[in-house]
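Encoded as C-alpha cells, here's the structure I'll be asking about.
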Amino acid sequence: MPGFLRPPVTLAMVLLLWHGAYILMGRQSYLLPSPWQTLETLAARWSTLAPHAGVTIVEILLGLVLGCLLGGGTALLLALFRPVRRWLMPVLVVSQAIPVFAIAPLLVLWLGYGLGSKVAMAMLIIYFPVTAAFFDGLRRTEPGWLDLARVMGGGRLAVLLRIRLPAALPAFASGLRVATAVAPIGAVVGEWVGSSAGLGYLMLQANARMQVPLMFAALLVLAAFSVALYALVDHGLRRLLPWVPDDHREA
Amino acid sequence: AEKMTVLLDWFVNPDHAPLVVAKEKGFFADAGLEVELIAPADPNDPPKLVAAGKADVAVGYQPQLHLQAAEGLPLKRIGTLVATPLNSVVTLSDSGIDSLGDLKGKKVGFSVGGFEDALLGTMLADAGLTLKDVELVNVNFALSPALMSGQVDAVIGAFRNFELNQLAIEGRTGVAFYPEEHGVPPYDELILLANAGKLDDARLRPFVEAVERGTHYLVNHPDESWQLFVKAYPDLDDELNKRAWADTLPRFDLTPAALDRGRYERFAAYLKAQGMIDAAPELSTYAVELPIR
Amino acid sequence: MTPDDLGSRTGPLSRPDLPPAGTAPAVTVHAARLEWQGGALFDALDFTMPAGQWTCLLGPSGVGKSTLLRLVAGLAPAHADSRVTCSDGQPLTGRVAYMAQTDLLLPWHTVYANVTLGARLRGEAADRGRALALLDAVGLGDAAGKRPAELSGGMRQRAALVRTLMEDRPVILMDEPFSALDAVARLRLQALAAELLRGRTVLLVTHDPLEALRLGDRVHVLSGRPARLDAPLEPPGAAPRRIDDRRILDLQAELLARLAAAAAETA
Amino acid sequence: MPGFLRPPVTLAMVLLLWHGAYILMGRQSYLLPSPWQTLETLAARWSTLAPHAGVTIVEILLGLVLGCLLGGGTALLLALFRPVRRWLMPVLVVSQAIPVFAIAPLLVLWLGYGLGSKVAMAMLIIYFPVTAAFFDGLRRTEPGWLDLARVMGGGRLAVLLRIRLPAALPAFASGLRVATAVAPIGAVVGEWVGSSAGLGYLMLQANARMQVPLMFAALLVLAAFSVALYALVDHGLRRLLPWVPDDHREA
Amino acid sequence: MTPDDLGSRTGPLSRPDLPPAGTAPAVTVHAARLEWQGGALFDALDFTMPAGQWTCLLGPSGVGKSTLLRLVAGLAPAHADSRVTCSDGQPLTGRVAYMAQTDLLLPWHTVYANVTLGARLRGEAADRGRALALLDAVGLGDAAGKRPAELSGGMRQRAALVRTLMEDRPVILMDEPFSALDAVARLRLQALAAELLRGRTVLLVTHDPLEALRLGDRVHVLSGRPARLDAPLEPPGAAPRRIDDRRILDLQAELLARLAAAAAETA
C-alpha cells in the first residue's frame, strides 16, 4: 500500500473499532458516543473547539521544550557530578511519586491560573522520563572513548559535552519520543487542575454538562495533534541522528 | 437481604447523613436491603453508571438532572436528600466585596459543575452586571485554598454548610451570597436517581422510605446520629464535619419521596431561558414519585 | 612509490614546535602487578622505554601487550598495581598520545572532526592545515568529510593513526596501528610515522616481526603467564630500516624463534 | 561520607527543604503542612494508613509487572512485523493522549470498582514508556550482527529473540526505570478513578475533607515505597546486565 | 610447533558429514555495480570463485574487497546491482558462512555461546564437542566461559574464526581472519583452516601476500576505481604451502609489484 494511503486507512480502522466498541456497549452515547456523532459535533462546534485547541497546543509545545531542556540539563548535571547524582537521584524519584493533584494547589499558588501552571504540569510530567532516559544513555558510554578522551587530556565537562552527550543522543531521542507522547496528557491534567481555557477545560465542562460527544470531539482534536506531533518529532530525530542504526529507515 | 449499590456524589460527608444513619441504625436492613455506599472521585460518573445499569441508585444534583435528561440519559429522580440549594458564592469578609456588584472586574473561581456560568450570570444580573464583568477560573476542588491564598476574589460552587466552616476554622470569615436570594429559582441540591427503565424494581420504594426514616431520626436525635456517623467513619470525627453536620440538619428533605412538580418545571424553564438546555422534556420522563407497592 | 617520496610532502606535516630529540623522556613501569580471575597477568614486571627511541613489543595473542600499553597510558584497571615514572621526574599525564587496538572513531563525527578531537577536547584551536595534510598523506584526503560508517576497515585505522599523530606528544603509544593495511600502504605509513615521530619515545605493539625490526630501536618479546620480557633485540641503523638488509633478516629469524618459544611457553 | 549514612542525610535534607517551603508559604497548613505535623499524623494514623498502603503496593507491583510484560510484548510485535508497526504505532500514540478521566467510567464499567481498574491504570500509564523505550532499543541493533544472523540463516523470530532483544535490554532497562518511578502515580490515579481503598483514595478523601496533613502523610508513605522500589529495580537491572558499560558501577 | 602437529588433533574437528570435495559449488558474481556518493565502486565487475578452491583477494585499503565479499554473502547495500549464481544452479542462500572484518561477537554471550550462535539461531542443537575442540585448537580452551570484553583483540578474532568454522557450510567468506594474530598463531590457524575447509569454496580477503600465496588456489588483486580484477596468480601445489618454496617467493615478488601498481592506480 502506498505510504500516503496509510494515515487515512489507519484512521478509518480506528473509527471502525470505536464504532464496534460503541455497539458493544449498547449504544449508550453518554458513556461512549459513536464516531459519527463525534465527528458531527466536531464539525458543528469547530468554532468553539478551535480557540481551546490553540491554547492547549501552545501549552504542550512550551511544556515539551522546557521539559526537555530541564530534563536534559538535569541528566548532564547528574552525569557530571557524582555527588549531585547520589543526592539528587532519590529526590527525583520521590518527586515522581507525588501525584500531580496533590501539589496542584501549590503549583497554582505559585504560578497562577494562566499558562504558567499548565506548562509547568506538562513539563513535570515529561521531566522524569527525559531525565532518566538521557542519564541512562550518559551512563553507558563506550569505555574506550572515555579512555581515549582521558589520555587526550579532556576535562570532565569537555568529555561530557563532546563524547558522552553525543553518544547518549539515541537514548535521549528515545526519552524525547516518550515525552512527546506524554506531554499532551500533562497539559490536559494541568488544565483540569485550574484553567479557563484549553481542550482539557472544555472536556471537563462538556463532561459536567453531559455533552459527551463534545468531550470526545475535543479528545479527537487532542489525539490528532498528538499523533502529528509525534510523527514530526520521530521524523526529525531520525534525520538529526543519521549515524544511529535504525531498521525503520531502511524500510 | 437484597444487595443494593448506591453511588454517592462525592466522598462521604454530612450531606449523606440520612443514608448513613439509615444504614447504621438498620433501617435499610429492616426494609430487607443490604446497601453498599460507594464514593466516586468524579461527581459526574455516578449518573452515567446508573444509566448504564452498573449501580442501582446514584446521588445527584437537580440542576444536572435537567441537563442529563436533555441529553437523553435514562435517569429518573426518585427521592430527595437535601431540599434547598447548598451552592453559594463566597468571598472573604476582608476582601472589600460587600455586594455582588463589587465583583466587577474580579476573578471568580469555580469547580466545573456545568452550570456555574448560568447561575453566576443570573446572580450578577441581579446586581446589574453580566458575566463579561468577571473572569471565571476553574480551580477544581481547591475552592477554599484558592480563596484564602488570594488567587481568586470569590468562588462559586462553595457549599454553604461546608466552605464557610472551613474558612472559619482557618481563622477567616467568609461571606456567602445565596443564589435563591439573587434571582435563581430554588432547587433540590441532592437527589436520588434510578435508572428510568428499572422503576418497577421492588427495592426502590422501601429504599426511599428507609431514607425517610433516617432523616426523621436524624432530626429527632442529632447528637446520637452524630455519634453513629463518626463511629461508622472515624476519619470524619473532626471540627469541620461537626460544624457542617449542624449546618446541614435543617436542609434535609423530611419528605424525601415526595416530588414538588412545580419546583422542577420552574427550574427547567429557567435553564431553558438561560440557554443551558434546548427544550425541557416532559417532567414525568425524568422525575417521579414512586408509588406505594 | 618508495617511502622516500614522502620527503617532499612532510613540509606541512612537520611542526616547528616539535620537541627536539632528547626532550622526550624515558618511561619506566615499575613492578607492575595485575591479576584477572584467570591468574596473574603481570607479577613484578619492570619495563623501560628509552628516551626518544622506538620500543616494539611482540608476543603471543593474549599475553598482555595491550594491557601493558594501557598501564603506561594510565588506563590501568582498578585492581592493577603499577607505578609509571619518567626520566625527567615530571608526571607522564598529558604527555601521551594513545592509539588503541580498535579505532575508537566517534560515529557521529566526520573523519576531519575525529582526527582533530584532541584539540577540541582541550578547548584548543585545531590545526586544520596539519590535519588535512596528514589525512592527505595517509590517503584519506577525499574522505575528510565522511563518517566512520562510510569507511573501510583500513581507512578507519588510518584515521585513528592521523588522530594520534595530531596529538603531537613526546610519548606515543600505538597498539597494532598498521594491522588492517595492505602491504604497500603499510610501508608508506611506517615511513611516515618514523619520520614524524623521530625523537619521541614510542611504544609500538605489533604482530609483524619485520615491522618491529624496521621501526624499533628495541624489540621485546613478551611471553609466559605471568608475562616476562626477554632481553631486547636492537636492530642496527636508523629507522625506517631497509628490510632486505642481511642483518635485519638474521634478526628476523632470531625473532621468529623467540616468538615460537613464547607461543609454546604461553599456551 | 560512608554510604549507609546517605539515605538518612538525604531524608533530613528533604525534610529541611520542605520545612523551608512551609515557612516560605506562610505556614498555611491547608496548603502545605509542616513535616513535623505530617510525621505526627503519620504516627498517629498509622493504623489507618497501613491497610491502604498495602492495597496500593499490591496495585503498583501488579501494574508494573503486567505493564512491562505488555509493553515488552508490544515492542517485540512492533519490531517483528513491519505492518503491525505501521498501523499500531499511531494508535499507541493516540492512546497516550487520552486523559484518564475521559475513559474512567468505561474502565469502571469494564473492570468494576476493585483492584482491576487500578491495576489497569498503573499498567496503562507505564505501558507506553516501556513500549517506546524498548522498541527504540530494538530498532537500533548493530547492523553487523543482523548481517551475521541473516547469513547464518536465523529466522525473523530467532533473530529478534537472540540478537535484537538482548541488544535492546539496556534500552529496556532504561524504560523499566522510568516505569518504576511512574507506576506509583499510575496506581494512585487509578484509585482516583474509582475505588474504596488505597493511598490514592485516602489522599483524595483527605484532600476533600481538608485533612491536608493526612494527605501528606499518605504521600510520604507512597514516596518512601517508590524510592525503595526504584533502588531495588535499579540495582537488580545493573546486576542482570553485567556487560553493559556503566560508569555508575565503577564508583 | 609446526602446522603438522595439528594432524593428531583434527580427529574431533573433522566431521563425518563433511560435504565431499566437489559438492561445494563455484560462485559467480555477474556484472556487479555499486555507487557510493564518492563514485562508482564497481561497474560491470565479474568475479568467479572456482568450486572447492580458495580464492584470495588482495588490494589497496578502501578499494572494495570487503564490499565485494559482502555482495557474495547477499549483504549488498540496497543500491547495488549484482547477481550471484552458483554452478549447481541452486541459490546460495543458506550455504554460506561469513566472517566479517570486525569480530561481531555478542557482548552478552560467553565465547562458547558466541561460537555456537548459528545453531541456536536456526533452532538446532549446538555441537558442543566440536565447539570445545575447535576452541581448544585455536588456543581458547580456557576462555570458553569468558565474555568478549575479557578477551584480547587476537582472542576475539580467534573466537570469530571458530564461530565461522562451526557453521560448516560449503561456501566460506572470510574478511582478514588472521590480521590480529601473532606470526606463530597465524601459521597454525592458517594450517587449521586449510585442513578443515578443504574442498569448500573459500573467499579470503587478506593484506598478507604470503598468506594469500600459502592458502590461495587463485590470488586476485583488486585495484582502481571502479575496481577491476587482474588475472589471478595460481600458486602451485596444495595448501598450506611452504613459504620458503622458491616458486612462492617468486610469486610474492610478482604480487608485491602488482600491489604497488594497484596502490598507485587507486590512490
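Every chain is named by a letter (A, B, C, D and E) in the order it is written, and numbering of its residues begins at 1.
In this section, a contact is a pair of C-beta atoms (placed from the backbone, for glycine too) under 8 Å apart; a residue touches a chain by one contact, two chains touch by 3 or more.
From a predicted model like this one, the values you see are computed outputs, not experimental measurements.
Listed by label, the chains that touch chain A and also chain E are C, D.
Annotation: A-B is the more contact-rich of the chain pairs D-E and A-B, by number of C-beta pairs in contact. Set against the C-alpha centre of chain E, every other chain centre is closer than that of B.
The distance from the centre of chain A to the centre of chain C, with each centre set as the mean of the Cα atoms, comes to 50 Å.
Computed centre separation for the pair chain B/chain C is 85 angstrom, with centres defined by C-alpha atoms. The mean-CA centres of chain B and chain D are about 37 angstrom from one another, to the nearest whole unit. Along chain D, residues 31, 101, 105, 109, 142, 192, 204, 207 each make contact with two or more other chains. Along chain E, residues 102 each make contact with two or more other chains.
Residues of chain B found to touch two or more other chains are 42, 48, 52, 145, 149. Per the contact rule defined earlier, chains pair up in contact as A-B, A-C, A-D, B-D, C-E, D-E. Residues 42, 44, 47-48, 51-52, 64, 67-68, 70-73, 107, 112-115, 135-140, 142, 145-146, 149, 151-152, 276 of chain B touch chain A in their complex.
The residues of chain A lying in touch with chain D in their complex are 6-7, 10, 13-14, 25, 31-32, 79, 82, 86-87, 90-94, 96-102, 105-106, 109, 128-129, 132-133, 136-137, 139-143, 146, 170-171, 173-175, 177-178, 181-182, 184-185, 188-189, 192, 200, 203, 207, 215-216, 219, 222-223, 225-227, 230-231, 244-248, 251. Residue ranges on chain C touching chain E, taken from their complex, read 1, 36, 38, 58-62, 64-67, 101-102, 139, 142-143, 146, 150-155, 157-158, 175-176, 179-186, 207-209, 256, 259-260, 262-264, 267.
If you check the complex, the residues on chain A that touch chain B are 25-26, 28-31, 101, 104-105, 108-109, 112-113, 191-196, 201, 204-205, 207-212. Within the complex formed with chain E, the chain D residues making contact are 142, 144-145, 147-155, 158-159, 162-163, 166-167, 169, 241-243.
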